[in-house]
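Letters A, B, C and D mark the chains as written, and numbering starts fresh at 1 in each.
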Amino acid sequence: MTNLFSIEYITIFTSFALLVLGLWGIISQKNIFKIIISFSIVNTSIHLLLVSLAYIRNRTAPIIDSAVDRVNAAEKVVDPVPHALVLTAIVIGIGITALMLSYAFTMYKQHKTLDINQYKSLKW
Amino acid sequence: MELVKKIGFVLLGLFIILNWGLIMSGIIRKIIARLGMRRGIKVFQPYINLIKNYSIRSQISHGVMFYLGPVFRLSGGIGIFLFMPLIHGSELWSNFSFTGDLILIAYFAFFGMLGMALGAGEGGHPYSAIGISRGLAQFTAIELPLTLAIISIAIQYNTLSISEIVAAQQGGIQNWTLVTNPFATVAAMISFLGAMGHSPFSVVMAPQEIPIGPPTEYHGTFLGILQTNRAILHVIEAVLYMNLFFGGATNWGILILKSFLVYFWSVFVGMVFPRFRVDQSIPWLLKLPVLIGIIAIALLII
Amino acid sequence: MLRNSLRVIIIAALGWILFQVYSGYSSRDELNELAGYYATEGLSEVGAANLVTSVVVTYRGLDTLGEVTILFLTALIIGLMLKAEHRGDRTRLRESSEFLVTASHVLLPVIFMVGVYIFINGHLTPGGGFQGGAILASTLILMLLSFTNSKISHKVLEITESVSGISFIVLGILGVILAGGFLDNKILPLGEFGKLFSAGAIPVIYSFIGLKVGAELSTIILEFNQIQGTDDKSL
Amino acid sequence: MVSPIYIIAILLGMAFMLGLLSKSGTRIAGILTSVSLALPVYISISWFIQILSGNADAITIFTAGSVPPFSINLVMGLEEAFFTSAINILGLLGFIYLSADLKKQGVRAMALYLVLIMGLNVVVMTRDIFNLFVFMEIVTIAVAGLIYLKNDNQSKEAGFKYLVAVGIISLFFLIGIGFFYFYGGTLNIDGFIAANSVVVKGATIAIFFIIISIILELKPFPANGWALDVYQAATPGVSALISSGTATASIFVLYKLLPLGSEIWLQILTVVGAVTFLGSNFLGISQKNTNRLLGYSSIGQVGLLMMVIGFMPQLGSAFKMIFFSVFISHFLAKAGLFWLSGIVKKESITDWGILRGSNIALFLFGIFLFALVGFPPFPSFYGKWQMVMELAGTGRFIWIVIILLGSFFEGLYLFRWLGYAIKGEKSNEEKLQIPWDKIVPPFIFGISLFIAAYYANSMSVYGNTINLIPLVFILLLFVIDFLPAYIKNTITIGAMVYYAVNLYPSISDDTLRVVFAAIFLIGGILTMIAGYSVKGKRKGFFPFAVMMYFGLIGLIEAENLFQFFFAWELMTLGSYILIIRGKFSMKHAFNYMLFSLGGAYLIFLGIAMSSFGNTSLDIGIIGLSTMPGWSYTLLAIGFLTKTAALGLHIWLPGAHAEAESDVSPMVSGILLKGGVFGLIVLFLAMGGEQAASHPLLYSLGWLGAITALGGNLLAVFQEDAKRLLAYSSVANLGYILFALAFMTNIGWLSALTYSINHFLFKTLLFLAIGGVVLRVKTHNMYEMGGLIKQMPWSFIAVLIGIITLAGIPPLSGYAGKWLFYNAVITKGWYFQGVLVFFAGTIAFLYCFKLIYSVFLGQPKDRFRKVKEAPIWYLIPQFILIIGIMIFSARPDLVLKPIGALLTQSSYFPSDSLSWENVTASTNLGYWSGYKIMLVIGVMFAVLLVWLMYMSRKTQKVKQFNIVYAGERPFTPETTHFSHNMFSHYYKALGFLSAPLATRFWNITNDITHRIADGSKRLYTGNGQTYLAVIMAYIIIIYLIMF
C-alpha cells in the first residue's frame, strides 16, 4: 500500500478526480462556456492519465542524450508511446475545443444568451 | 312417356292445390268474419276475384321488372309446389321432389319474394318499398326458429329429404314429430305464424288500414297472378309443415284436412293477438322462439 | 431537485466505476515489447534521438497526418463559421501600450526563431512540429496584442498551410515509392545519429508540420481575433 | 491495382490543394473535387471486384516502412473494400447532390467534404486503435462543420450538441485506449486479439470503454437525442452522409472491434440493438417532422444491424448475407430518402403531396420505403427472412418478435408517410423543382437497390427458387409507363394469358390449385378488361396490378414457405398501391397496410416457429411444427387479417369501397382469396380430417360464423353501394372460414364452392356497381334510383349477382348453401350453423337495398341522361354471368373433380359427396342443379308466356303515375324510399352493429400513439440532459456487464 503514494498513483488518482470534476461540470453548469471549460478539464485529465500510464518509476524521458545512452535505452526510459498519443490527443482536444467555442459564439450571436437551457428549439 | 305422365300428374296436383287454396281462403275469411260478428264474403268469393282480375284488360306497367315481378312470384309459389312431395308413398304425387330436398324448398321460397320485391320496386311507389323492407326484416327473424327446427329434425331423422322425414313419421300419431320432437314443432309453428303474414306479424302488408306492401301498385292480371300464387303458397306451406311435423299425408283427404288445420292455426292466433311493429316483432321472435329452437337441438345432442 | 439528485447519482456512479479502474491499476516496471522495440531497434531503424518523435513522425505518422488534418479542418470550419460574423464595421480597438509594442519588436523575431528551432530539432530534443508550430502561432498572438489594428493577410497563412500540407503528403507518397511504405522516413539517408541532418526525412517532415501547425493555429487565432469587437462588450 | 493508400493521398492532398485556389475558383474547385472523389471510387471498387472474384487477396498496407504492431497498418480486405466502396460512392454522389450548397460556402467547404470522406475511408481500413480514434475525430469534426452548412439557428444548436456529445464519447474512447495500451502492450487490434489480451485482468475495462464508445457513436436508444437533433437540423444532404456514411463506418468499426471483447459483448450488443430498433421505431410512429422521422428510422436500422452483429455466432454462415442485405437496404434507402427530403423541402410529412409533381421522385420514394420496410424483392426482405429463420433454428422467438414488432412500427410510420405522398393534399401553386444534380444521386441509389436485390437474392439460400422473370416484367412496365393505358393493358393481359397457359400443365393434376389459379388469373384478365375504359396513361397502375396478381399466383406455385411468404408480401404491396389509388383512399389504404403488415409478420412468426426443429422449409413442415399451437394460431390470425375476419376487418370496407371502379373487384373478388388459399394451405398442413377436432378450428368456426353475421348486418346499414358490397365480402369470407374450419370433406367442398361463387358474384357486382358509379359519380345509393332504364345491362348483371349471392336456386349460390347445410349437420356445429343461416337471411336485406335503390324506385332528374356503363365493364360482367350460368347448371363439372381430389387425398377420405349423373347426394340429402334449373326454367318460361298473353294490352306509364292518394309526388328524391331503409331493423338489432372492433382498434391506436408521444418527450432538447443520458447509459451497461 505504500505504493499508493508513489507519483503514478497520485497522478492517476488526480486524473480521475479531475475527470469526475469535469464531467460534473459538463452536466451541471448552465453556461455554455463553462461547459466547454469543463470539457477541457476532462480532456486534460485524460492527458494526465495517459502520461501517468507511461510512467515507470526511476526512469527518464525517452530521449537519447547524455542521460540515456543508446545501448541500454530500454532500461532507462519511460514508455514513449503514450507520450506520442498524448501529443496527438492534445491537438485533437484543441481542435474540438476551438470548434465548440466558435459554435458557442455563433449561437450567442443569435440568441444573446449562453444558457444551455435556452437552446431547445429541437426536441421530440 | 314417363315424363309426360309425370307432368300430367304434376299439373293435376297443381290444379287441386290451387282450388283447395282458393276454397280454403274463402272458408277462412268467412270464419274470420263470423268471429268478428260480420256476415263475411261468399266462400267462392276468391274465385270471383280471380276471374275478375284476370279479365281486366286495361293495365299499366312501370317497366320490365314490374312486369316480371309477378312471374317470379308465381314461379316461386309453383316451384315450391313442384319440389314438394304431396302424398306419402305415392311416386306419382311426389312431384319433382327428387331434384332437391328440404333445403331446396327453404331457399326457393326466396325466389318469389325477390322477384316480387323487384317488381314492386320498379313500380316506384315508396309504400311498396316500405312493405318490402319490413317484410325482409321481419323475415330474417321468422326464419331463425324455423331453421333451428329444421336442423333439429334433420338431426333427429338424419336426413334432409322430405319424403324420408315423412316416411319416418308413419305408423301412428306417436311417431309424429309433434310428439317425438315437440320443441322443434313449437318453434316451427311460431315461425309459421310469421310466414303466413297474419297478425301479430301482419304489419308487412297491413291490409286493412293502408295499402302497403309489394302489391300496392299491382292490379288486373298482375294482381290475379299474385292471388293465384297466394292460394297455392298458403296450402303448400301448410303441406310442408304437415310433412315435417304432423306425419304427412297418405291420401288427399288427410292432406286437405291437415293443411287446413295447420293453416287455421295461424288464423286462430291472428284473431287473438294484436299486431307487432317490425322492430317489436324481431326482438320477440329472437327471444323465446329461438330459445325453444335451441332447446330442440340441445335435447337431441345431449 | 430530482434532476440534481439524478446528476449526483450519475456522477457518483461514474466515480465509482473509475475508482474500480483505479483500484485495479498497478504500476509496471518494464517497458512492454512494443516500447522496448522502439527503444532498441527503433533507434537504428529511424535514427531519431527523441523516441517520441520517432513514434510520432514515423511509426505513427498516419496519426500525425490525421492530427494535422484535424487542425486544418478546425481552422477551415472556424473560418467558415466566423466568415459571416466579421463582415461589417469593426469598432476600432484601443492602441496597445508603448511598452508592449516596443517589447514585441524585440521579442517577435526571437520567439519565431525559437519556434523554428524547436521543430527543426524535433528528432533530437524535446519538442517538434507541434510544439514549434504552437510557438510560431504565439508570435501571432503577440502581434495581435501589440499591433491591434494591423491587417494580417490570410493569404500567406493559407498558402503556407496548403504547401506544407501537400508537401507532407508528397513525402508520405515518396515513402511508398522509394522506401518501405507511406511516411517512411528512409527516403533520405539516416545520417549520423544525434546530428541535425539525421533521422531521414523526419526533420523535413517535422518542419512542414511545424509550419502547417503554426499556420493553422494562426488562422484560428486570427479568425477569433477578427470577430472581436463585432459584438457588444458583454461577451 | 492502385494501392488504397492513394485514397488518402488523393483526398487529403486535394483538400490541402484547395486552399491554394482563390475564392473565385469554386467552379474549378468543384471539378477537381469531383475528380478526386471519383478516383477513390474507382480504387475501392476495383479492389472489391478483384477480391470478390478471387483475383486478388486482401492486402495489408504498411506505413513507415515497418510492420505492425510497431507501425500503423491498414487493411484492404473484402469487407473493407465493400464498405469503402459504399462510402466512396456515397461520397461522390453526395457531393454532386451537395455541390450547390458547398459552392455557396466556397472552396473551404469542399475541402471539408473531402476530408470527411477521407476520414471515413481510413476509419474503415485502419487496424490501429489509436489511429482509428484520430480519424474518427476527423470525421466528427468534419461532420460538425457540415452541419453548420445550413447556417440557421437550429443547425447551430444541433451542431453544438453533436460536438459536445461526440466529444464526450470520444474521451471515454480515449480512456479505453490508454488502458488498452497499458494492459495489452499494443495498439494494434489484430495484435491484441492474437495475444488474447482480453483475459488480462483490467483489460476488460479498457475494452468496455472502447466498445461502449463505439456503441454510443451508433446512437443507441435512448442515449441518442443529439443524433436526432442533427438529423433534423442538418441539410438533408448532410444527414444522408451521416445516416449512410458515418453510420456505415461506425458499424464497421464495431464489427472490427468486437473480437476484442468477450462473448458477453455480443449479448449486450443484441440487447442494445433490440432496444434501439424497437424503441426508436416505436417513437417514430408519432413523429411528423420529415428529417427527424428519417432519423428515428435510421437509428432503428442501425439497431437492427447491431442485432445482426450481436447474433453473429447464431447466424453462422448466413451472417454475411443477412448483414449485407439489411445494411445495403438501409444504406441506399436512407441516403436516398434524405436526398429526396432535400428536394421536397417540406418539414412535415403531411405536406409531401408535392412529391407527386414528379413521377421519378415518387417512384424512387416508393422503392426506398419498400426497401426499408423489407418488401420483396428488396434486399432487406431476404435479410430479415434469413435472420428470422436462423434465430428460429435456435429457438430465439422473443428476439424474432422484437424484430418483427420493430419492423411493424417502422412500416407504420413509413406507410403513413407514403400515404401522404401519394394522396396528401397538395397546393397547385407549388411546383416541385428538381435540378438534375439533386435527382441523379437518389436515382442511382434507387437503381442500385435493384442490383443489390439481385445479389441478395443470389446469396440467399432459397433465393434461387424465386422466379424473377415476372419481376423483370413488372420493372419493364415501369419503364414503359409513358405509353397509353390501352397498350399497357393489352401487354398485361397478354402476359397473364401467356402465364396462365404455361402454368396450367404444371398444376393440372392438383384441382385445388387449378381452382384458385383460375380465380386469380381468369379473374385478373377479366378485371383488366375493364381497364380498357380508362383513358390516358394510367400511370403506375399496371406494374402494381401485375405485382398483385403475380403475388397471388406465387402463393399457388409456392413449393416452400419462402416462396410463399415472398409471394404474400408481393401481393400485399401490389394491392396496397392499387387501393391507395382511389380518390379518398389514403386512410383506408393505410389501415389496409397496417393490418396486412401485422398479418404478414404473424405469418412470418408462424413460419419461423414451424421451422423450429425442421430442416427443410417445405410447406408441409407447418404440420410438423414442434409448437403446433403457436404456429397454427399465428398463421391463422395472419391469414385472417387478409380475409378480414371480424375484429380484423375494419380496413376492408373503406379500402374496397374507395378503390377505383375496376380495382374494387380485383381486391374484393380476387385478392381476398389469397387469404383463403393461405388458410387452405395451413389447414392441409394441419393434417386435414385428422385435425378436425383441433380447438383452434373450433374457435375459427365460431369466428367465421360471427364474421358472417356481423359483416352482413353491417352491410345492411350502409348507404354507400361499394361499402355495402365490401361488408358483404367480409361476411362471405366468414362463410368460407366457417366452412373450412369444418375440416370435413363436404365442408371443404362447400368452402370451395363458396370461394368460386364469391369470386364470380362479387367480381360481377363490383364491376357492375363500379360501372354505375363511374357514370353517376356517387357511391350513395339513395342518390341513385331508377337506373334500370338507362343501364339495363348493368341491372341484369346485378340481378344475377344478388341471386347468386343470396343463394337462391337455381343459380350456383344455392349449391354452396346446400353443401353447407349438409356440412353443418354432419359436423354437428348446429348453433354456429344457425348463426350463419341467420346471416344468410340478412343478406337479402342488403341485396334488395342494393338493387332497388340503384336501379329501381324513382329515377332522379340529374341522372336521366346517364349512359350505360362502358362496354369494357360489361364484357367481363357477361363473361362472369356465363360462368355463373354454367356453374349453376352443371356444378358437377367443377365439384366432381374437387370432390374426387379431396376424397383421394389423404386428408379427407370420408363422408364425401356422391354423384349420380348430375345429382349430388350425401347421406343426408340430395340435389340436382341441372334438373332444378331445367324445372324452374321451363316453369318460368311458361308463366312468362302466359302472362304476356294475358296482359298484352298493357300500356307503359310515366314515373309518377302511382297510387299516391290522389296526389302527385313532389320530387323523386322524396319519393325514393332508400335512405336509412332498414331503420326499423336498426332499432331492433342495431346494437349488434356497434363498431366495437373499430373502437377497439382506435383505442389501441390512440394509446400507442400517446405512449409514443409521451416517451418521445424523453428528448427534451436540452443538450445537457442528453449528455447525462449518455453517462447514465455507460453506467447501466457497466452494471449489466460487471
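The rule we apply is simple: a contact is a pair of C-beta atoms (placed from the backbone, for glycine too) under 8 Å apart; a residue touches a chain by one contact, two chains touch by 3 or more.
On a predicted model such as this, the values are computed, not experimentally measured, just so you know.
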Checklist line | A-D or C-D, whichever has more C-beta pairs in contact | finding: C-D
Notebook entry, point to check: At what distance in angstrom does the C-alpha mean of chain C lie from that of chain B?
Noted result: 107
Note to self: Could you work out how far the Cα centre of chain A sits from that of chain D, in whole Å?
What the structure shows: 51
Item checked: Between chain C and chain D, centroid-to-centroid distance (C-alpha), Å -> 55
Check: If you average the Cα atoms of chain A and of chain C to get two centres, how far apart are those centres in Å?
Finding: 16
Note to self: Touching at least two other chains at once: which residues of chain D meet that condition?
What the structure shows: 130, 134, 137, 141, 144-145, 148, 179, 182, 187, 1028, 1031
Check: What residues in chain A touch two or more of the other chains?
Finding: 19, 23, 27, 81, 88, 92, 95-96, 99, 103, 106
Check: Which chain C residues reach two or more other chains?
Finding: 7, 10-11, 14, 21, 25, 28, 32, 34, 38, 60, 63, 66-67, 70, 73-74, 77, 81
Next item on the list: Check the chains against each other and report every pair that touches.
Entry: A-C, A-D, B-D, C-D
Checklist line | chain A-touching residues of chain D, taken from the complex the two chains share | finding: 130, 134, 137, 140-141, 144-145, 148, 153-154, 156-161, 163-164, 167-168, 171, 174-175, 177-179, 181-182, 187, 228-229, 232-233, 287, 1016-1017, 1019-1024, 1027-1028, 1031
Notebook entry, point to check: Where on chain D is chain B touching in the complex?
Noted result: 786, 788-789, 792, 795, 799, 802-803, 806-809, 814, 817-818, 821-822, 824-825, 828, 830-831, 833-834, 837-838, 841-842, 844-845, 847-849, 851-852, 856-858, 919, 923-928, 931-932, 935-936, 939-940, 943-944, 947, 950-951, 953-957, 959-964, 975-978, 981-982, 984-985, 987-989
Item checked: chain C residues touching chain D - in the complex, by the definition given at the top -> 6-7, 10-11, 13-14, 17, 20-21, 24-25, 28, 32-34, 37-38, 42, 45, 58-63, 65-67, 69-70, 72-74, 76-77, 79-81, 84, 158-159, 161-163, 165-166, 169-170, 172-173, 175-176, 179-186
Next item on the list: Could you pull out which chain A residues touch chain D in their complex?
Entry: 19, 23, 26-27, 30, 32, 35, 39, 42-43, 46, 49-50, 53, 81-82, 85, 88-89, 92, 95-96, 99-100, 103-104, 106-107, 110-111, 116-117, 119-124
Item checked: Touch list for chain D against partner chain C, complex -> 3, 5-6, 8-9, 12-13, 15-20, 61-66, 69-72, 105-106, 108-109, 111-112, 115, 118-119, 122, 126, 128, 130-131, 134-135, 137-138, 141-142, 144-145, 148, 151, 179, 182, 185-187, 201-202, 205, 1028, 1031-1032, 1034-1035, 1038, 1042
